[in-house]
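The two complexes that follow have chain A in common; it is paired with chain B in the first and with chain C in the second.
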Partner chain A sequence: MHLLTTTRDAILAPLQSVAGIVEKRHTLPILSNVLIEKHGEQLTMLATDIEIQIRTTTAGDLGGSDASLTVGARKLQDILRALPDSAEVNLTLDDKRLTVKAGKSRFALQTLPAADYPRMNLPEGEGTRFQVTQKTFKRLLAQVSYAMAQQDIRYYLNGLLVIVDGGELRMVATDGHRLAYAAAPIEADLPRTEVILPRKTVMELARQLGDADDALEVVLAGNQSVFRFGPIELVSKLIDGKFPDYERVIPQNHPTTITFDRAPLLSALSRVAILTSDKFRGVRLVLEDGLLRIVSSNNEQEEAQEELEIDYHGDALDIGFNVTYLLDVLNNVSHEQIEWHLADGNSSALITVPGNAHFKYVVMPMRI
Partner chain B sequence: MPQIRVLPDLLINQIAAGEVVERPASVLKELLENAVDAGSRSIEVALEQGGVRRIRVADDGCGIVREQLALALDRHATSKITSLDDLEHVATMGFRGEALAAIAAVARTTITSLAEGERHAWRIDASDRQPAPAALNHGTVVEVADLYYNTPARRKFLKTEATEFAHCDEMFRRVALARPDIAMQLSHNGRVIHRLPPVEHTKRAAALLSDDFIHHARPIDADSGILRLSGLAALPAYSRANRDAQYFFVNGRFVRDKLLTHAVRQAYADILHGQRHPAYLLFLELDPAGVDVNVHPAKIEVRFRDARAVHQFVFHAVSRSLAAPGAAATGLDAESGPARLPSYRQPDQTHPAAIQSRLAMDSGARDAYRGFVATAKPEALGHSPASLTSVGAADTSMARIAATHTDDDAPLGFALGQLHGVYILAQNRDGLVLVDMHAAHERILYERLKTVLDGRPAVQRLLIPAVFGIGSKEMATAEQCADVLAEMGFEIAPAGPTQLTVRTVPALLANAAIPELVRELLGELADFPASQVVTARRNELLATMACHAAVRANRQLTLAEMNALLRDMERTERADQCNHGRPTWTQLGMADLDRFFMRGQ
Partner chain C sequence: MKRRIAHLDMDAFYASVELLRYPQLRGQPVVIGGRRLSRPDNNARAEDFARLRDYAGRGVVTTATYEARRFGIHSGMGIMKAAQLAPDAILLPADFDAYRHYSRLFKAAVARVAPLIEDRGIDEIYIDLSELPGDTEDIARDIKQSVREATGLSCSIGVSPNKLLSKICSELDKPDGLTILQAEDIQTRIWPLPANRINGIGPKAADKLAGLGIHSIAELAAADLGLLQAHFGGSYAAWLHAAAHGRDERPVVTSSEPKSVSRETTFERDLHPRLNRSELSRIFTDLCMRVADDLARKNVAGRTVGIKLRYEDFQTVTRDSTLPDPVIDGAQIRRAAGECLRRVPLDKRIRLLGVRIGSLCPRSEAVASTDAATQGELDFSE
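Then we have the complex of A and B:
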């Protein structure tokens, strides 16, 4: 049964946007497959790992007859990617086998019945609904997502807190040692809603969202969230848990504020980081009158030191940090300057952007 | 309303027997200990039907005079202590004075004894308690027949003859290992199982324990002035699936003590696979006042006045002995026969040349051996200094010769080449050395990382303190051990009667599951004075780092690199085992190689 004939990219592009979430190892074989539905001139692809589901719908001149099937996502993707760019691809389905033909190449793949493919139900009820530009949402994700925990026993830290409150969208992530907060205004007036997006959803969104002003529609309802942008609809379960009270963690009145140019500080830290010990990457920041010294040493007793001239006139202060936590924030904010708020060697440090209350980063010191 | 009455004597003894006389082996234990306490030089044990039918223990000790024979069978009657002060400094095996009474309550017991100075022996039967004249050359013979003849319920709990005999045999071994100076014999159903002449510790151990154990054992001898630990600890290559090869004696008394087992286990921590059990034969000696043996009716557990010091002493002594680099050479010596383990070779004074040729390799082990022999047989010290000095002199002269003979200088020899990119082949004076280069390099890096990171750890302060529930026992431990925990990098504070807040964690373990880690730590601190949980977790990380950094298979090394690795191995502690307890190298001696080609046969 002839299914469709079209250009390689018309199949590969939607396949690539859904196949990213397919897990390599699964106990359910069908979960390594992608669901392909052809209905008239419309081609729908859907993949899921039970937690997240991504669906794309594209239309084009396809020909052939209608059908639904599931086939190994990675194999199909690899085949299509290896074909020449301009190749015309012909899919036929015979006796549960999907044949992919292009030029002189021919591949026959096993399929599993489409009816067996698990699908997530869309959330019921209205929920909280808002629109935001893809660019804004992506920027906020970039500003906080690196601070998420990975495989922490406190499962709610392995995700990102999203808050909508009135006309503001906020995101918070923490791994228990540092915390990143970012906010942006949205055109809406919504009751306060808090959800925790799983790490995988956050990563997938960061990968797929564009840098343009195109709209992203977000629905938060029950224990699910839906993101619609371009041809893609992403449905994700939410993490059910109590996120720590981030407002209590952000210090308010640190007496010392130092302004840095981001780029020189970032490069100084990157250089010093070379001579830190692999596992805990501690650097010491020594503040003196008008001078910041950044010092590190490693297991082999090798030492690095950088000096930066700063506008600081107070008591000498010696404070240790995990340099990874500092590099993370400096790499992920795009502003020219940052402000560093400090109290003493045992209290947290707050990093902000001058004249902008929408970004905050808190990091705890390390005793070295 | 039930009446309160004083129980009849027989019933009291039968109740006591329930505790003391668990099976024939426990009868044997009591009788052997009595024989030892009587100052015997020779003990003979005869069993019938696993000891159920008959246990006969004959010694040549001081004996019991006629008037006291009946008293010996009485409850709480003993010659071993007279006051509480004696109890606190007890040096005899027994002291409770209830074993014979308990045994007599559940078995047909007779004692025949010839006390020093008496004209002939007397015999007493526990049933009529009337001494009658008897024939005996010396010492005491205790016969216990038909165990549990009057308590059929207990009799049902007895296992097969073979099992009961195995228990008796084990009990016999324990006493024999502790007292090699006494000649001992064990026979079962008329067949002699062990015949042990009086020797020193090492020979007795060799006679009773498996050859493999002796072959893989490292001598231990540590003395802190107050505490002294000597004996043998098997290298991980000889580990066991169960705990049956663990002999620990405190002042000559076999114990199976939680604290001591734990200390030894920790010493084996990163050289032994978690599922395996170490094998050892250890003697701890300390002032009897420093240990309370009156804890357990069978005296299998003891209590130390300064538990922490004992724990640390045992841990460090065993771990130092296992760590000493390069000494596996002793265990893997290519020669065959019982003399395979050089540390057990008696200094052969008639052939000094033979000693000299070995010294360059074995001096470390020999030093330890010297100490071990000294502990094992104090009276041997009298004549040994002369031989020791001559050995010492030979040692230095040999070192000079060794300096010119580089071959002798390197226990692991010099590299010949690489085999399939996995093994390094090297030649040393005994023959061929095969080294698993990844495993060896991994251990070298691991030990290096450990040394660097010992000391004050870097500490990460938590942004969101971890708060979690713990039990009240754990909470008490947490408060008690706050200092110890702070040293490890945990700043803790109670957040409620059963809630604990952790504010800082060691930076290396910053990403570990904190509640689980702290609970494990508290659990161990509650039972043992020192915990290695954090060190162990840290070491796991270091082991991974070392594994990733070590050379992989198929990496081509030059001869210079291989030699550098061999020299590093000789310098590194525990280099004979990889991080998972597998050996890193092995030796094929010339004799082994000759055998392949049937040379000299």
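Then we have the complex of A and C:
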């Protein structure tokens, strides 16, 4: 049965937007597959790992008969990628086998019935709905997502806290050593709603959202969230847990504030980081009158030092930090300058952006 | 070269060791189990021994003699339940020191005949006979004789081309059995057996197979691989298929590192997570400390911390989590195990609590990763 004939990219593009969440190892074999539904001139692809489901519907001149099937996502993707860009691809389904033909190439793939493919139910009820530009949502994700924990036993930290409150959207992530906060206004007036998005969902959104002003529709309802943008609908479960009270750890009255140009500070830290080791990422920041020295050493007795002139006129201060935590924030904010708020060598440091209350980064020092 | 692998299983091991000490109990149903029983003198008369009917408590049967098994008693059964089946059976407390002593004796005796031994626990081993000269049956008889001379105990041996088949064979002729199987005998001797005789097909998999109309190993061997894959996933399906055809290439592993260390305890009475919170917390901390001591004794650290809980209705749950760095001390283990505990429902009384550390590595690897110790923590506490 002839299913469709179209360009390679008309199949590959939607496949790539859903196949990223397909896990390599599964207890349920059908979850390695992608669900393909051909209906008239519409092509729908759907993939899930039970926690997240992505669906995309595209239309085009396809020809052929209607059918639904599931087939190995990675194999189909690898085949399509390996075909020439300009290839015209023909799909036929016969006796549970999907044949992919292009030029002189021919691949016969096993399928499993579409009816057996697990699908996540869309959340019931209204929930909290809002629209925001893809660009804004993506920027906030970039400003905080690197601070998420990874495989932490405090499972609620392996995700990103999203809060909508009145006309504001906030995101918070922390791994217990540092915390990133970012906010943006949205055109809405919503009751306060807090959810924790799983790490994988955050990564997938960061990968797929665009940099333009195109709309992203967000629905938070029950234990699920739905994100609709372009041809894509992403449904994700939420992490059921209590995120720690982030406001408690954002310091309010640190006495010292130093303004840095972001780029030179980032460069200096990157160079000093070369002589730290994977096991020990500590660097020392030594503040003296008008001068910041950044120092690192490793257990082979090698040493690095950088100096930056700064507007600081207080007592000498010597604070250790994990350099990765500093590089992370400097790499992920785009502002020219940052402000560094300090108290003493045992207190957290607060990093903000001048004249902007919408970004905060808190990092605990290291004893070195 | 054709492999000859033996599986040796001691017959009713704990019970048999007890019968060495109390020969006057031979021929009687005897059950080992319970903790707090006093131990009778070696020459006590049969009527002086405790009987199952007298037992009140929550212990389980550790082993039963073949005479007791005839009443339907088996390992893991509650002693009170066993008492209903055989009220007059004799009950003895377990003496693990004695069992370990005899375990060492029988393994040493086997090693004198065939040195390539894989230790599979206190009462069973695999032995690689491939390199030994002589007839398989003669070697196996030598081993049985050597074990008997060293311990006075009998064992059952299965010999076949691999571990999987030998494990099945050693069960076929118990007690004091010897079963030698060639690859060409699989269809006649292995295929008629029920599928759950294969070590690795547990009750759940067996039920699932039965649901597919697969009961015997022959039916499993004939089953469509695609069907198995659809129900069990690729790798387990492939293993099922290979196992049913008697294929198993695993070598006999003569030295082994411990995979995990664990401690668990069944409470005197069921404890409620809320009402008995402080008592549970103390027991939990104590288990973590004892596991930490075990790690120290074995000179290892572990990255996976897990808990096991058995509720009053015997439902058992486990949770574990793998940490970024290996842990060694009790407080670290307590913290990680505490997080695991938050992931289980705590609305029923609990009868058993256990703590387990897996993904073991040399202790030096844990000590080297000191980053965590010097990195400050954000303080979210109220």
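Throughout what follows, the second predicted complex is superposed on the first by the 368 of 368 C-alpha atoms of A that agree within 3 Å, B and C clash if a C-alpha of one lies under 4 Å from a C-alpha of the other, contacts with A are read in each partner's own complex, and residues count from 1 in each chain.
Note that a contact is a pair of C-beta atoms (placed from the backbone, for glycine too) under 8 Å apart; a residue touches a chain by one contact, two chains touch by 3 or more.
These figures come from a predicted structure and were not determined experimentally.
Taken together in the superposed arrangement on chain A, chain B and chain C clash. Contacts of A:249 after superposition on the shared chain: both chain B and chain C are touched. In the superposed model, A:97 makes contact with neither chain B nor chain C.
By the touch criterion stated above, A:262 is placed in contact with neither chain B nor chain C. Within the superposed three-chain model, A:271 lies out of touch with both chain B and chain C [touch as defined at top].
With both structures placed on the common chain, the touch criterion links A:2 to neither chain B nor chain C.
Put chain B and chain C next to each other and count what each touches on chain A; the higher total goes to C. Legend: residue contacts after superposition of the two complexes on their common chain; A:293 is shown touching neither chain B nor chain C. Shared-chain residue A:28: touches chain C; no touch with chain B. After overlaying the two complexes on the shared chain, residue contacts for A:200 are found with neither chain B nor chain C. Of 2-10, 146-154 or 182-190, the chain B stretch that intrudes into chain C once chain A is superposed is 146-154 (criterion: clashing C-alpha atoms).
The interface of chain A with chain B overlaps its interface with chain C at residues 150, 153, 174, 176-179, 244, 249, 279-280, 282, 320, 322, 346, 348, 362, 364-368.
Contact residues on chain B toward chain A in their complex (touch as defined above): 449, 452-453, 458-464, 466, 504, 507-508, 510-511, 513-516, 541, 545.
The touching residues of chain C, counted against chain A in their complex, run 229-230, 233-234, 305, 321-324, 335-336, 339-340, 343, 368-371, 374-380, 382.
Interface residues of chain A facing chain C in the complex, by the touch rule stated above, are 26-30, 112, 150-151, 153-155, 174, 176-179, 244-246, 248-249, 279-282, 320, 322, 346, 348, 362, 364-368.
Against chain B, in their complex, chain A makes its touches with residues 150, 152-153, 174-179, 244, 249, 278-280, 282, 299-300, 320, 322, 346, 348, 362-368.
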